[in-house]
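Okay, here's the structure, questions in a sec.
Naming follows writing order (A, B, C and D), and every chain is counted from residue 1.
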Amino acid sequence: MFDSLHEECGVFGVWEPQTANVAKTTYFALYALQHRGQESCGIAVNNDGLMHYHRDLGLVPDVFNEARFEKLGNGTMAIGHVRYSTTGQSARHNAQPLVIRHVKGPMALAHNGNLVNAMELREKYELEGAIFHTTNDTETIAYTITKHRITAPSIERALEAAMYDIKGAYSLVMMSATKLIAARDPEGFRPLCIGRRSNGAIVFASESCALDTIGAEFVRDVDPGEIVIVRENGKMESIRTHCGSKGHLCVFEFVYFARPDSHIDGCSVQRARYNAGAILAKECPVDADVVIGCPDSGLEAAMGYARESGIPYAVGLIKNRYVGRTFIKPTQNEREDAVKIKLNAVKNTVAGKRVILVDDSIVRGTTSGKIVKLLRDAGAKEVHMRVSSPPFISECFFGTDIDSKDNLIACKMSVEEIAEYIGADSLGYLSVEGVNHIADTARCGFCNGCFTGNYPVDPPKTSGKNRFELPLSQSPKAMKKREMAKNERENNDE
Amino acid sequence: MFDSLHEECGVFGVWEPQTANVAKTTYFALYALQHRGQESCGIAVNNDGLMHYHRDLGLVPDVFNEARFEKLGNGTMAIGHVRYSTTGQSARHNAQPLVIRHVKGPMALAHNGNLVNAMELREKYELEGAIFHTTNDTETIAYTITKHRITAPSIERALEAAMYDIKGAYSLVMMSATKLIAARDPEGFRPLCIGRRSNGAIVFASESCALDTIGAEFVRDVDPGEIVIVRENGKMESIRTHCGSKGHLCVFEFVYFARPDSHIDGCSVQRARYNAGAILAKECPVDADVVIGCPDSGLEAAMGYARESGIPYAVGLIKNRYVGRTFIKPTQNEREDAVKIKLNAVKNTVAGKRVILVDDSIVRGTTSGKIVKLLRDAGAKEVHMRVSSPPFISECFFGTDIDSKDNLIACKMSVEEIAEYIGADSLGYLSVEGVNHIADTARCGFCNGCFTGNYPVDPPKTSGKNRFELPLSQSPKAMKKREMAKNERENNDE
Amino acid sequence: MFDSLHEECGVFGVWEPQTANVAKTTYFALYALQHRGQESCGIAVNNDGLMHYHRDLGLVPDVFNEARFEKLGNGTMAIGHVRYSTTGQSARHNAQPLVIRHVKGPMALAHNGNLVNAMELREKYELEGAIFHTTNDTETIAYTITKHRITAPSIERALEAAMYDIKGAYSLVMMSATKLIAARDPEGFRPLCIGRRSNGAIVFASESCALDTIGAEFVRDVDPGEIVIVRENGKMESIRTHCGSKGHLCVFEFVYFARPDSHIDGCSVQRARYNAGAILAKECPVDADVVIGCPDSGLEAAMGYARESGIPYAVGLIKNRYVGRTFIKPTQNEREDAVKIKLNAVKNTVAGKRVILVDDSIVRGTTSGKIVKLLRDAGAKEVHMRVSSPPFISECFFGTDIDSKDNLIACKMSVEEIAEYIGADSLGYLSVEGVNHIADTARCGFCNGCFTGNYPVDPPKTSGKNRFELPLSQSPKAMKKREMAKNERENNDE
Amino acid sequence: MFDSLHEECGVFGVWEPQTANVAKTTYFALYALQHRGQESCGIAVNNDGLMHYHRDLGLVPDVFNEARFEKLGNGTMAIGHVRYSTTGQSARHNAQPLVIRHVKGPMALAHNGNLVNAMELREKYELEGAIFHTTNDTETIAYTITKHRITAPSIERALEAAMYDIKGAYSLVMMSATKLIAARDPEGFRPLCIGRRSNGAIVFASESCALDTIGAEFVRDVDPGEIVIVRENGKMESIRTHCGSKGHLCVFEFVYFARPDSHIDGCSVQRARYNAGAILAKECPVDADVVIGCPDSGLEAAMGYARESGIPYAVGLIKNRYVGRTFIKPTQNEREDAVKIKLNAVKNTVAGKRVILVDDSIVRGTTSGKIVKLLRDAGAKEVHMRVSSPPFISECFFGTDIDSKDNLIACKMSVEEIAEYIGADSLGYLSVEGVNHIADTARCGFCNGCFTGNYPVDPPKTSGKNRFELPLSQSPKAMKKREMAKNERENNDE
């Protein structure tokens, strides 16, 4: 409903002695990673080589309950996934983990990211007789590994070989009958870290906040290009064939996607956001009475802005604590709008004041406009909007849903025009130079393709969320027919 | 809860001009076929080459509702399936229709029956890099067709070629992007018929009762070995390469599985059941006051028995109309038992009488014993049980759940011992000779393997419901480990 | 969906030593009484004077589950109710048992029937300051008992006194903190019987089929006008102040409402239906080839007709076993109609035959017309309809939903006209004289008001299902306004 | 799960021209008031004198959906309620609004607060023949109004008279067939305000944040003791018979219950919380590096403390955004505890620092102890806890769930002992003098009974959540029996 960006997914994996319950450990970890994907979720448990799993549309606490855990049973390993669809319809059959059987037995995969050559690989496999059940990249990864598995001496060697074939962003957690494996693409687009519990359990998670929630200690990040294997006995090994690059972590993980209490590749997310605000204050100063942040992701940057500028920070917007649940949408002629239902201005903070409103990004600008209006209605004299990241000017092909320039206001308007469009007295963005320095303690490089159009990996020839949903037959007649039917197809669902 | 037999599945397919709603037509047809499978169901709609589908555990009216139909949308073709699991766990991911994409685009399949060489085919495909998402035979059929599709000029020619590879029982309804196809294995183990509606729609259904429900006229049965193709424009064609055998229809379709208002291969099911009762009366006469049938499938045979013997027919057992819904199971120390909740004796009919109780079959004998007791408690002086089919002495490999001799009382006891076990004053079964003549107007031959151990197609080397759920790895260590873990695995679920 | 009659309710009560589970006993009994009411159900458990209860819209197996039973807990008494609304909207707050607190503590009531003076009593109590939460008669009964309870020495004496005030039909099961009580109005309009289990439990139920289901022995019917009390220690007593009348049991209980395996007031329901068919054969003979019954309630009468007439009985209509669940309604321009979805003709039985179709009643005639068409479409040469009860010519005020003459076809057409309307070759009804003799062993008299317009108790001045839903204010302005708004109100729901 | 305090309820009422949808307006307002009660909710719509309503256990967005709104229909008035049970079990039949019919027609009531003489009134009415369906005070209020309504010329005059009888806390919104009425008890314990929308609609709400959400302008608070009537034509009137007291608003509304964006009786809640922190900083200073607040209610006070003390404010605890949904509870031997699942420390903020942790209150101390540990585990060198309200030393009888001293740690330990118990290096509470001055612009007086034991209205003789659930019968035998059964009863539920 809000015109915000979405991260594709969160992944988790655990090897744990049988005395604990791997399904529940995964459940609590996914609960901590819920912000990375709210459409569907799933857990697969490996019990002596048999994979029991459940996945469905919905939030983690809605999809799983005690009865479900009884059916899942226990085991020594589990992997889990939360998903916001970027590739493939938001259908139940696209939920992960993917659990399949191949020549060497069962395999389960959970994947965060986006391949750039999934289409090419699918076409190749289909010509060899492959059938696909889903439209997500994970199945393509599964096939690639399987193809190599026929000859490879082990699952990890098959994965190592597959990593020469698959291009793009992937933070992957997978299980064979006897091993738990984590891998990160050579650029390290998406985060992935390793933790350990005092009972000896080894866990992999998209973000360190999941480790805190389950009481695991942070060990280290999985390196870009690294494959980490946990054997049946809990022994951990690493394959570093694809390592070497300093990597290009998505900088927007720091700006917006990750939770502020996570650490990624050596930097606290909170620190990076605070820095973003402070740099923004230097780059785009303005005389005002109060600095407020847009909940939740703009708060840290607002504090940084306030501290750097010396203008007092205060809470100017309250978010309804119960937002997140589906609710009845107000119709056009009803007065309530979605923004009002979710956010309310604090009159005591803004009335009669010149307000600096800090938010993490502007996508289409509609929501920003409504928030500016909310503040004016509450009596703000001036509203100066400051954005703690640069303008979006290009698509992302690596696991977020900015899949087309069509929805990006910064592709169509100048900063001044946007300011006018959203009704702000002034508008300032963080510079690309600035955003590159927010995660000052990080040991990795960054992908800032959405701000610059420069990508560390070549973008795909065909893209779009539904690129696998179209018929493949090549007759010109079908092509033409398809063209005409295209518009109506957009709304189709499972 | 009752120890009865279960048919595997019911299938349905429709090609219909866009003015109608193919999803709803399928819904009503599946509702009429619900008796063929109560575990899961599904519908796939073909809209200009895009397949939208929904499938879930549950009965047809519980799985589908108006909101679901809106999501499914409309199209020119649809196929549907109801399922009682014989191969594969009763898990949601095994629900059908199977919808996949292969080299030539999308394909949807719904299948009734059981292959005898699925294991061999799976192993072969896995060695070529295939991955399997389900444990049902339908995916194996899909792969076989796909393998041939790479070179075949059309989907129907790929199916024709595939039918040389797949062995066993299959009544299949499938869709490609542009065609609706029905096929029946060369023995015609499971029924499949063709109908037509006055709007020009062409439909395929497991039983003719589905045609009546949707107001379609019966055209003819699909012949054993026949492939029937309906093109985009509604034109119907036939490929008869695999035809020729008179066929071996499962005779138990007449005895129990099918609805009495259906006609299969030229014979009314009701007529066959009535005949079964009449032959039974000749073969196993007994002096008594009243003939009653066990609802619902024993009623027709009871009437046949009554007419032939001259002993009056009456209603002696009432079935609770609301049975079929899940209900709380009575615990051991509660007085109510499941049979009492479902059935009640009519004292007015049986008190003080010598009663002939006609039922279609005895599997384990537990339920029969309880029903005999019910009648005695209601005052029956004598209870003579008559069974309108021969004793089960062998497994079925062609789509029912008699997958092991372990549960078959007739493999362990003589008729006299069974009579004593169930507490009947006498017990008589229909002879094999007799059962072969019940469907007197049918133009096909019969499979009576469960009564004789003689099968028209060689049985598989490996069988059992969960034969694809075990790890494939071949190390002796794993084999041994598996052996030990085997017992616990039985209870595992999705 | 079918234009059939509906019984209002079924009631059940149990006193049982704590070793059993009274809630579950009630559950299984309600399951057996489900045919008496499918809209809502409820159970109240008395645990040492505290009443825990649950009630909701839906069928018994859908409303109750193990989690619900855990919340209900156990106790020494319970009462239960299934309901089809006659008075009051089909709203959740009208579900029973009613559980209230009055001057002497808690009281729970479950009631089958309809008062004729509920309106007058409500108005009287409201003038004394009473407030009403529901629009059903049970709350009026509760108030009447409560008014007397202030001075009465015991709950049973309060009920005894209340029975002078309340007029109409009521079979009542109730609990105080320490007693289980059953009562039947002086005419005994609705059935109510007493049973006993081998563990000493005493139960009350609307029909004896509920006793069979829970393994209780039939003791006797509650007499018209009788109050039966079960004390904390299981001791049973009777108050017979209001007894004396031979009673006027609703004869339609035998014709249609009750289950054929029940015995009411000394007669088997099955026997009565069979007799109805036999008398009908004498009164309305016709030359034909086969007699078929309309499932489920017309089957017994059809057999009686067949035996008496010498024309063979056969199964001519098959009812879908899964009917009863809500399903998608076919829209006008879809071919499937509700009757086709529920019923199918057996061609083998009717094709080329002169068919006698026996059903229990005709209300509006729409369904009968569709069934006749079904038979003709299946090839019936002639269809002669025979009805095993007389034509409905008057409303019922005693607990069924024939609440207005508007829907009764027999009020508007002659028998010949009805025959033409439904498309039958001939039509014959059982006579009033005939229906009075169907329950030949019953020891009670009958109410046949719906067939004659003669009622054993004076009908109410105001009637109609929603008579308590209208504002009570008496201003002429409001009256007029109400008149205008009336039509739209009909559709309103909770 | 957290040992926090709970507000009883939130209420809302609206009169609106038919062009809008009063049910939806109420829905969005209740969504904004959800923080005042999460157990159950309900909406009643008045359509020309007919009240349609729905209420159930669950959150507002879970209980209501489009289908529900269709059933509710539209009207010119509606009232709504969110509830956290203080009196009566958390059962569905205790959900509000209460909708009843009395001598003058229908009446609907929604109530926030607690009476102190409900028991006495109930006993009196029961002796006059009243029956009670619920165990909440609202039904007692309904009876009191009804008793006066028999003779009173109007509903508002009946309410005016009733207000002499009912004692305690009540903010009430009610509807008759033609009027919408709001009333506040003479002490004004609970907030209630009036708003107006640009379409002429008049609304009443517990808090002004609900007005903002639905786009209504704040008009004024309802005065303590005032009755406000809105007639059918939207004309607003006031009865001030019970007005005069400056009032005793619950001061904890400012500290914790209300949303920070609300204004109550002339003061911003945010301002009051900020003030509380500032006064606390003066009263309980400590040398430290950073001030953090406990989300969500401690944040404002933490900022006030920071500003006053000059110690920097930062975000030290992150709350999982999806908390609020039911989730699987970790068992004892699982590592995850509920606090860890909901909260996580930000290492970047607290590691190596001396931390001041500000929270609004301490009830049992368990949660505070876990949060202190969380901070220490994240590396905090010192943790100094500061509480922005005085210690709880007495029960509340006016609408919160501090119903017994048993759970109040401050009744059993000194401040030093509590500090040790929760593991803090120091602990400081706001003084009673201090809390009285936080809402510095409020025009009302305050109830601070929970901090002092001094109440503006005499407390009830009998209290406790379940006080109406016990049998009323007075025999010594029953009393003794009840005594013994008491312990087990605690756990009983609907």
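As a convention for this text, contacts are C-beta pairs under 8 Å (C-beta built on N, C-alpha and C of every residue); 3 or more make two chains touch, one makes a residue touch a chain.
Nothing here was measured: the structure is a model prediction, and the numbers come from that model.
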| item | value |
| --- | --- |
| Chains contacting each of chain A and chain B, listed by label | none |
| Relative to chain A, chain with the most remote C-alpha centre | C |
| Where chain C and chain D are represented by their mean Cα positions, the distance between them in whole Å | 46 |
| Separation of mean Cα positions, chain C and chain A [Å, integer] | 59 |
| Separation of mean Cα positions, chain C and chain B [Å, integer] | 37 |
| Residues of chain D engaged with two or more neighbouring chains | none |
| Those chain pairs that satisfy the touch definition | A-B, A-D, B-C, C-D |
| Complex contacts: residues of chain B adjacent to chain A | 47-50, 52-54, 71, 73, 99-107, 125-133, 135, 139, 142-143, 146-147, 150, 177, 468-473, 478, 481-482, 485, 489, 492-494 |
| Chain D-touching residues of chain A, taken from the complex the two chains share | 20-21, 24-25, 27-28, 31-32, 34-35, 59-62, 64-66, 69, 197-199, 209, 212-215, 259-261, 263, 268, 270-271, 296, 299-300, 303, 307, 312-315, 318, 320-322, 324-328, 330, 334-336, 340-341, 344-349 |
